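Order as written gives the chain letters A, B, C, D, E and F; numbering starts at 1 within each chain.
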Amino acid sequence: MAFDLAWNTIVSPVVLFFVLGLVAALARSDMSIPEDFAKGIAIYLMMAIGLKGGFEMSRSGLDAEVAAVMIAGIALSLVIPLIAFALLRFTTDLGRIDAAAAAAHYGSISIVTFIASTQALEWAEVESSGHLVAVAALMEAPAIVVALLLAGPRDSARVGVAGQSRGELVREVALNASVVVLIGALLVGWATGERGQAQVERFFLTPLQGVLCLFLLDMGLAAGRGLRRGREALRPATLAFGLYMPLVGAALGGGLASLLGLGVGDAALLMTLAASASYIAVPAAMRLALPEARPSIYLTLSLGVTFPFNLTLGIPAYVVVAGWIAG
Amino acid sequence: MSRKRRLELIIERMALRRACNILEESGMGGYTVLGTVAGRGRNSTWRREDDPSSSREMAVIIAIGDAAKVERALADLHQLVDAHIGVLSVCDVDVLRPDRF
Amino acid sequence: MAFDLAWNTIVSPVVLFFVLGLVAALARSDMSIPEDFAKGIAIYLMMAIGLKGGFEMSRSGLDAEVAAVMIAGIALSLVIPLIAFALLRFTTDLGRIDAAAAAAHYGSISIVTFIASTQALEWAEVESSGHLVAVAALMEAPAIVVALLLAGPRDSARVGVAGQSRGELVREVALNASVVVLIGALLVGWATGERGQAQVERFFLTPLQGVLCLFLLDMGLAAGRGLRRGREALRPATLAFGLYMPLVGAALGGGLASLLGLGVGDAALLMTLAASASYIAVPAAMRLALPEARPSIYLTLSLGVTFPFNLTLGIPAYVVVAGWIAG
Amino acid sequence: MAFDLAWNTIVSPVVLFFVLGLVAALARSDMSIPEDFAKGIAIYLMMAIGLKGGFEMSRSGLDAEVAAVMIAGIALSLVIPLIAFALLRFTTDLGRIDAAAAAAHYGSISIVTFIASTQALEWAEVESSGHLVAVAALMEAPAIVVALLLAGPRDSARVGVAGQSRGELVREVALNASVVVLIGALLVGWATGERGQAQVERFFLTPLQGVLCLFLLDMGLAAGRGLRRGREALRPATLAFGLYMPLVGAALGGGLASLLGLGVGDAALLMTLAASASYIAVPAAMRLALPEARPSIYLTLSLGVTFPFNLTLGIPAYVVVAGWIAG
Amino acid sequence: MSRKRRLELIIERMALRRACNILEESGMGGYTVLGTVAGRGRNSTWRREDDPSSSREMAVIIAIGDAAKVERALADLHQLVDAHIGVLSVCDVDVLRPDRF
Amino acid sequence: MSRKRRLELIIERMALRRACNILEESGMGGYTVLGTVAGRGRNSTWRREDDPSSSREMAVIIAIGDAAKVERALADLHQLVDAHIGVLSVCDVDVLRPDRF
C-alpha cells in the first residue's frame, strides 16, 4: 500500500514534468518558459490554493484545533531555523551570516511544495483541512526574524544602508505577493463559500493539476540550472544538509502533528511545510536585510537541492509516514 | 547643446528602491529604469528565467543631470554599492534643454 | 430583493479580489502581476465577451432594436463628453485641454466594467442581449473626436508634431486591440454559432468568471496605485467629479433605455457603458492627439476613482435601478 | 461531403481568429499579444499535443506501423529539402546559401499547423494515431543537416565564428523547447496513461481548441506583419514557391501514406507535416549555422506565405485528399 | 577605431513611432529600442505594472551614427521632445566599422 | 573617480552566447545583458512581438572594464560582428571602485 501510494505519486504527470525540466536543464538545454508567464501562473496557483482552503473552511467552520495548528506552525518556523543554524555551523564551514540566511529558508516554506502535497493527498483520497493554507501563510515570515537575530550585530544593520526607507523590510515580508494572495484568497473563499465556489471552480479548481504540470516544468528547469551553476559553491557537507534538513523538519512537524492528534492529511501537510524551504520570499528578504549573505549558497540549497528532493521523494514519504503516525 | 553627466547604475533589483530614494534625495530631476535579462560577475552567472525569486536579477538606472547633482548622489550611491551588488559609472553627454536637468 | 441582489454582487469573488488588490496597493504592498501576463489575460477577456455576444446574436438574430441601441450608444458617447466638459469647466479649475481630455474618457467605455456587469446580471439570472457587445465597441472612439473639438485650436494641432505619420491617430483609435478583438470575436461567434460555441466554450465561457477574478486583482492593484500616486494632483472638486459623473452617465443611459423600452439586462448594460470611463484606449489616444493634457489628471480620475466606484457600488446600483425602470 | 468538410474547417473559430489577426496586421493595426504570453501559450500547446499523443499511445500500444511511419517522416524531412533546394535554384534567383536555408524550413515542420490539423480531423470525426506526434518531433531537425551540406563549404564553417562553443548547434537543434516538450510530454502521457489523463485532461485537453484560437490570433498578426514587411524582399517566383512547395510536400507525404496503407487521419497528418514549414526552430538554427543566409527570405516564405496557406486552404485540402487515397 | 555619435532618446511609448520616423528620415543607418520598467520625472512616477493603458511607459532608443546625420536628426527630435515627454542626450563613442554608420 | 571603458554590443539574440563567451575569455570582470523590443537596420525592421522564432531579436550587452581588457575583447568581437548581425561601440566612463574591473 505504502509503496503503491508512493509510486503513484511519483509516476504522475505533475512530478514527471518536474523531472523533465530538471533533466533538460542538467542536459544543458536552452529551453525556458518566459519569466513573466511563469510569475502569472504562480499568482494563479496561490489564488487557487487560497480559495480551495477558504471554501473548505466555510464548510467546516473554525474550532480550537485550528488555532492549535496555527500556533504549531509558527512554533515550527521559529524553532527550525535555530536547529538549521546549529547544524550548519557545526557540520559545515559556512560563516555566521551565510548560515543564518540559509537557516531562514528552512524555517519558512515553499508554497509549491505544499500544493504538490495537497495533490498527492487527493490522488490517495486522503482528506485534509482548508486552514492548513492559513498555517502556510503564517509560516512564511517568522523565520526571517529569527535569522536576523542569529546573524548578530552587523555594520549594515547598525548604520543602515543608504537609501533605506522606513518599514521597507516589514512591507516586503508582511505584504509580499504570496502572503497577500494566500490570505486574501482564503478570506474570499471563506466569505463567499458555496456560492463563490460555484462561480469560480471551473477556473481555479478543475484545471489546477494541469496548471501545476506546466508550472513544475518551469520549476524543474530553474532547479536544474540552479543546481548546475551553484554546485561548485557547495561543499559536500552543505549539500548533504539540503538533503537531511527536510527530514529533520518533517520529523518535527510529524511529532507536533501526532501530539495534536491531527488527521493523516493535516499531518502530512504540516510535515511538508516543516520540511520545505522557501526560494521566493526569503531570498528576496535576505537581499534587503542580509545583503552580505551569499545567494549562491542559500538559493542553491533551497531551490537546487531541497525543493527537488521534497517534490520527488519527500512528499510521498511524508504522506506514508503521516499514515503511520496518525492513521 | 550643453554638457551634462549621465549616471548609469547597474544594481540588484531588490535594492532598486533604495537607489531610487537616493537619486530623489540628491535632487536629480528624474531617472529611468530598464530591466535586464542576464548577466555575469565575479560571483555569479544568472539568467532572469532561472530565478523564481528574482533575487539575482539586476536593473539599470539611467539618470541625466548636471555635474553638481550627480556628484551629490555619488557618495550615497557608493555606500549603497558597497552593501549591495552593483556597478556605477558616469559619463559626459550633450543635451538640448539644459534647464530641465 | 434589491438589497440581496446588491449584496450578492458585492460579496462575490470577482469584486472581493478587486478590493483585495485595491487594499494591498493602498497599504503599499509591492506585489504585482506581470504586465505582459495581464495584457494577455485582457485579450482573452475581450475575445470571450466578443464570442459570447456573437453566439447570442447567432441565436437571436437582428431586428430594428439592435440598430436603435447602437445609435443610442453612439449618441451617449457624443453627448456625455459635452456634459462632462461643462461640469469640469464650471466646477473645477481644470483648463480647457485637461477638461477636454478627461471628458473624452467618460464618453468612452471600460470593457472590464462591462464584463463585470454581465456577470452580475448572470448571478441575478437576468437576461441580456449579445449585441450590447457591439454597442460597447461602437462607443470606444466617438468621444475622442468630440474631445479634440472641445480642446479647440492648438499649436501642435496646427503645425503637427515632428515625425507624425498620416493616419496614425485614426489607426490607433479605429484599429486598437479592443476594437479589433471585440468586433472580430463578435463576428466569429456570430458566423460560427452553435458549432463554434461547442468548440470553444470550455475555454472562453466556462472559466470566464474565474479569469475575471485574476484580472480584477491586477486591476485593483493598478487602481489603488493610481489613486495613491495621483491623489495630490486632484482637487476635491475634481475628485468628486469622478464619483458623480458615472451617475450622470448612468442616468442618461437609463433614460434612453426606458425610451427604447429595453429589457432589464440591456438597460443595466447600457447604463454601465454610459457610466464607465475608459482607462486604456482613450489615455493612449490622448498622448498622441492631446499631448499637452496631463495624464495625472485623467488617468487618476478614470482608473483611480470612477473604475473602483463602478465596480463596487455602481454596477449593483445600475442593475437595481434598471429593474425599476424596465422591470 | 468534401466541400462541407472543407467549409466547416475554414469557418471555425480557430481559422477565423487566424484570419482576423492576418487582416488586422495587413490593415496596419498596431495591436499585439505580448511575446512572453504567447510563448507561454506555445509551451502549453506543445505539452497538450504531446500528452494527447502519449495518452493515445498508452491505449493503442506500439506495432511495426509505428516504426514505419517514423522512418517515413525522417525520410520526408531528408528528401524535401533536396527538392526544395533544386526548385529554388532553378526557378528563383536565390543564391546557394539562401536557397539551402529556405529548403531547411520546408524539410522541417510547423507544430501549430500540425495541431490545427488534428483539430480539423476531430471536427470531421476522423481518427488519428498518437504516435504522429513523435513523428512530428523526429522531423524537426534532420532537414537542418541536409541544408548545411547543401550550403557547401563556407568560410565561417571552416574557421568557425569567434566565441563558438562545442556542441552549441547540436544542443540548439536537439534540445530546443519543442523537441524537449513534445517528446517529454509524449513520454509522460504514455507512462501515466488513463490515470494521468484523468488528472490533467481538464487543463490540457478540454480547453485546447479555445487556447488555439487565442494563439492563432497572435500567429495571424505575426504572419501578416511578416508578409507586409518582407514582401519587397521576395520576387514573384520566390513567393510562388511558398505556395506550391507545400503541395509538393503534401504529395510526397500522401504518396508515402498510401504506400504504407495508413488510415485517413494518419495520412492527413503526415501530409500536413510534409507540407508545413518551420518558423521557430529552423530560423533560430540558421542564425547559428548559416548566419550569411537572409532571414527576410526564409522567414517571409515560411511564416508569411506557407503558414497562412496551410492553415486556411492547405489543411482542408489535405484532409479531403487523404480521404480519397486512404478512405 | 573611429569616432561616431551615440544618440539616446528616452521617449514616451506612444510617441515612439514618431521618433523612429524622424530617425529614418534623417538618414541614420539604424536604431535599437529598449523597453523600460519604471521611472520618475518632474511630473510623474510610474511603474510599468501599474498602468493598464501603457500611456505613461517610456522607451529608450539607441542610435549610433556619424556626427552629421545625428545633427540632422536633432532639430526634429527637439521639436518632438517639446510636444512629448522625453529626454534626449548624445555622446561620443568609438566604433569598429565606421563605414556602416 | 577613475577612467574605464564601457563596451556596448548590440547583437542578435542567437549569437548572444558567443558574445558572452568572448567577454569571459578576454578576462572582463562581468557584463549585463538587456533585452530589446524593436529595431531597424539596413536590412530589416523588426518588432519583438512579430517574430515567433525570436531569430531577429537583438540583445544589448554592457560591459565595463579597463582599457586593456576591452582592447583584448575587441578583436574577437570584431570577428563575431562580421559573421553575425551586431553593432559594437566603446566609450569612456568614470567609475568609483576601479579595482573591481
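Things to note:
In the analysis below, contacts are C-beta pairs under 8 Å (C-beta built on N, C-alpha and C of every residue); 3 or more make two chains touch, one makes a residue touch a chain.
Everything numeric in this text was worked out from a predicted model, so none of it was measured.
Listed by label, the chains touching subunit D and subunit F alike form an empty list. The minimum number of touch steps separating subunit B from subunit E is 1.
Chain centre most remote from that of subunit D: B (centre = mean of CA atoms).
Greatest centre-to-centre distance from subunit A is found for E, with centres as Cα means.
In this assembly, the C-alpha centroid of subunit B lies 19 Å from the C-alpha centroid of subunit F. With centres set at the average Cα position, the gap from subunit A to subunit D is 40 Å. Measuring from the averaged C-alpha position of subunit B to that of subunit D gives a distance of 44 Å. Across the assembly, subunit F contributes 20, 34-35, 91 as residues in contact with two or more other chains.
Residue positions of subunit A with contacts to 2 or more other chains are 32-38, 40, 207.
Contact between chains, as defined at the top, is found for A-B, A-C, A-D, B-E, B-F, C-D, C-E, D-F, E-F.
Within the complex formed with subunit F, the residues of subunit B that make contact are 8, 10, 34-42, 58, 60, 74, 77-78, 81, 87-91. Against subunit E, in their complex, subunit B makes its touches with residues 1, 4, 6, 20, 23-24, 29-35, 59, 62, 64, 91-97, 100. Against subunit A, the residues of subunit C that register as touching in their complex are 8, 11-14, 16-17, 20, 24, 27-38, 40-41, 123, 206-211, 213-214, 217.
Across the complex, subunit D meets subunit F through its residues 32-35, 38, 42, 156, 161-165, 168, 219, 221-222, 225-226, 229, 279-281, 283-284, 286-288, 291-292, 294-296, 299, 303.
Chain contact summary for the complex, subunit A toward subunit C: residues 34-37, 39-40, 43-44, 47, 51, 171-172, 175-177, 180-181, 184-185, 187-189, 191-192, 195-196, 199-204, 207.
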